[in-house]
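Same chain, two partners: subunit A is paired with subunit B first, then with subunit C.
What follows is the complex of A and B.
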């Protein structure tokens, strides 16, 4: 790789493409963040439904989780974009992608969270009942704080998968980081260089996320038995 | 006595699947009394205790707390379960201490005691903190209020659990084999806290295998055998004059501590 700044070198071409690369990076980060937020909020709710819901609610949530885990993410993205259009619902590509990613990861968060909730020892729920806490308070003050600590590691994994999953949005024409890099390659043919750059940027995002997760885990380190 | 009993159980029945664990238990606890349940494993002591604050739900009979039916009311011939809110309110009138302590590991000792005071009784943080500090002092842990459960010994954890239960000023305190999970040298500190509570007039119902303690502290002892009350009476009667072979052989297991009748 030639690191001088003359035309035809990597740094020059990367500099030429900086605006579209940065915008692609922004789209990747925004779609990841939105999907993670959707998946976390919906996943927590669905996890509670899986663990404590009425039988019909558990069944519905279970069906959803199994469906989402069975469908390839790419199929889900294509379906959300083209499939919904067939029903007259036109969703912009960006939002179709965010919805599909969020819906997909919701299933993962829900399942992880259910597992975390159910791994809190039964005595915790009993002690919370015994002091007279109502169901919602038992959940928010006793079970959730303990379950959240337990679900942090798999939650970080899911977040990393979402970031990587945003590359699939390029298929429906969302110009995220991968597609913006590919567009640059179409002009300068520096395929290896730009794929390496793209990979490095994804690693940087995910490394940061993983560090964030690790620092959260440290914050909860008083939670021992 | 015309005053209604604080706790009255009538013909309480409970089955787990095909197995009938409680076959009609009658029991009365009056204000200020210490009542102990003794019996072999599987005799139903713990199940009965758990039915009182609805950690298990009885299938038949009734349990009255200050005259109010616990968990269920009779609507004509049908039993109707009370709402979750009503049940939670009933539980708040009872305190329970568990074999495994069940302290909340994410909260300090003081926060464990404060949780019910603030979130159930609606007290302010400052007031709850004062009450928590008072009760942690009473169980000898004034200097441990900022410690998390994992930083405390088993005996200390159990004393925090007692403080958590008693700070709510329950009508009745339930103790479920609270020394069984403790190292032998830690048993005494917990028993002495319980003794202090009993002497202060707290109404207590306990399941225990600490027979000397039971004989010492109880006003009334109930021997359960295979889901039924086999003998009940003041400790002197139950321990020194067992009426059945089963009670005799049960007491005989405690190293000949008690007269063989």
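What follows is the complex of A and C.
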């Protein structure tokens, strides 16, 4: 690799493509963030349904979770993109991707939430009932503070999976980081350099996320049971 | 949905194609799991060896793979290796290489955890009855580790099977690619995606069920 900035070198080409690469990076981060938020909010709600719902609600949620976990993400994304159009809902590729990613990760968050909540000893819930707390208060003051430590590691893993999953949006034509790099490669044929640059950016994002997760875990390490 | 009329004859006409594609996907997953397990086992031994020059590169490999999207790895090997004059791999072999390297990192973590969870007494007992180091590995440590890690290996097989859908991006004719091809020819989008989703789902369930039987047969010893 030549590290001078003369025309035709990697650094020059990367500088030339900076605007599209940066916007690709932005699309990757935005779609990841949106999907993570959707998955966390919907996943927590579905997790409550899985753990405490009436039997028919539990069954529905279980069905949803198992469906989502059995179908490849790429198929979900393609299905959402082409399938929604048939219903007359014309969503842009970006939103089709975010919906599919969010729906996929919702199932994972829900299942993790259920596992974490059910790992809290049953006596805790019974004691909270005994002192007369309502369901919402039992959940927010007693169960969640204890379950959050169990929930964090898999939640961070899901977030990493989402960031990696956004590359699949390139297949339905969303110009995220991978596709913007490939567009640059189509101009200059510097395949190795640009793929390595892209990989380095993904590693940077995911490594940061993983470290953030680790520090959050330390923050919640007051709980041992 | 207003104007959409289902026409399932498309599926019947392409049943053979879809079956071939499904079997190819399963084959890709199994082969990648096997190669990945070999990589993962070697990597796990390197990781627990206690020698920095062995475990540091393995740590870097595992972290790099786990932080990089699989699609990027697939493209990198498929388009990048020819730049290094590695031109003898066709698209299927290139995909198997990517998926194996990917699986290797995950299997490394699985096996490392498995090795760490082997009760110390087993190794001491093996030493006490005078087994040589390689006999300890072959007759005591490895069999026990495989039993402990069987559920994780199974989960990895299922997610690898789902990951074979990414082979569509480099035109390996597996299920997702075949589905898109049929869609492009017939425009029966709903029928094809529903069928393909059902096929993935059913296969994943079938694998999970077979693994549960296998787990019951080789009930883990603790």
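Keep in mind that, in the parts below, the second predicted complex is superposed on the first by the 224 of 225 C-alpha atoms of A that agree within 3 Å, B and C clash if a C-alpha of one lies under 4 Å from a C-alpha of the other, contacts with A are read in each partner's own complex, and residues count from 1 in each chain.
Note that a contact is a pair of C-beta atoms (placed from the backbone, for glycine too) under 8 Å apart; a residue touches a chain by one contact, two chains touch by 3 or more.
This is a predicted model, so every value here is computed, not measured.
Counted by residues of subunit A touched, the larger count belongs to C, out of subunit B and subunit C. Of the two partner chains placed by superposition, A:84 touches none, neither subunit B nor subunit C. Residue contacts after overlaying the shared chain place A:178 against subunit C, while subunit B stays out of touching range. In the superposition on chain A, contact of A:93 is made with neither subunit B nor subunit C. In the superposition on chain A, A:142 makes contact with subunit B only, not with subunit C.
Within the superposed three-chain model, A:33 lies out of touch with both subunit B and subunit C [touch as defined at top].
Using the contact criterion defined above for the overlaid structures, shared-chain residue A:210 touches subunit C, although it does not reach subunit B.
By the touch criterion defined above, A:199 lies against subunit C but remains apart from subunit B after alignment on the C-alpha atoms of chain A. Shared-chain residue A:72: touches subunit C; no touch with subunit B. On subunit A, the surface touched by subunit B in one complex and the surface touched by subunit C in the other have no residue in common. Residues of subunit A that touch subunit C in their complex: 67, 69-75, 78-79, 82-83, 86-88, 160, 163-168, 170-171, 178, 182, 185, 191-192, 195, 198-199, 202-203, 205-207, 210. In the complex of the two chains, the subunit B residues touching subunit A come out as 53-55, 84-85, 88-89, 91-96, 98, 100, 102-106, 115-116, 119-120, 148, 150, 161, 164-165, 168. The part of subunit C that touches subunit A in the complex is made up of residues 1-2, 4, 63-64, 66-72, 75-76, 79-80, 83-84, 162-166, 168-169, 176, 179-180, 183, 189-190, 193, 196-197, 200-201, 204-205. Touching subunit B in their complex are the following residues of subunit A: 121, 123-124, 126-135, 137, 141-142, 145-146, 149, 220, 222-225.
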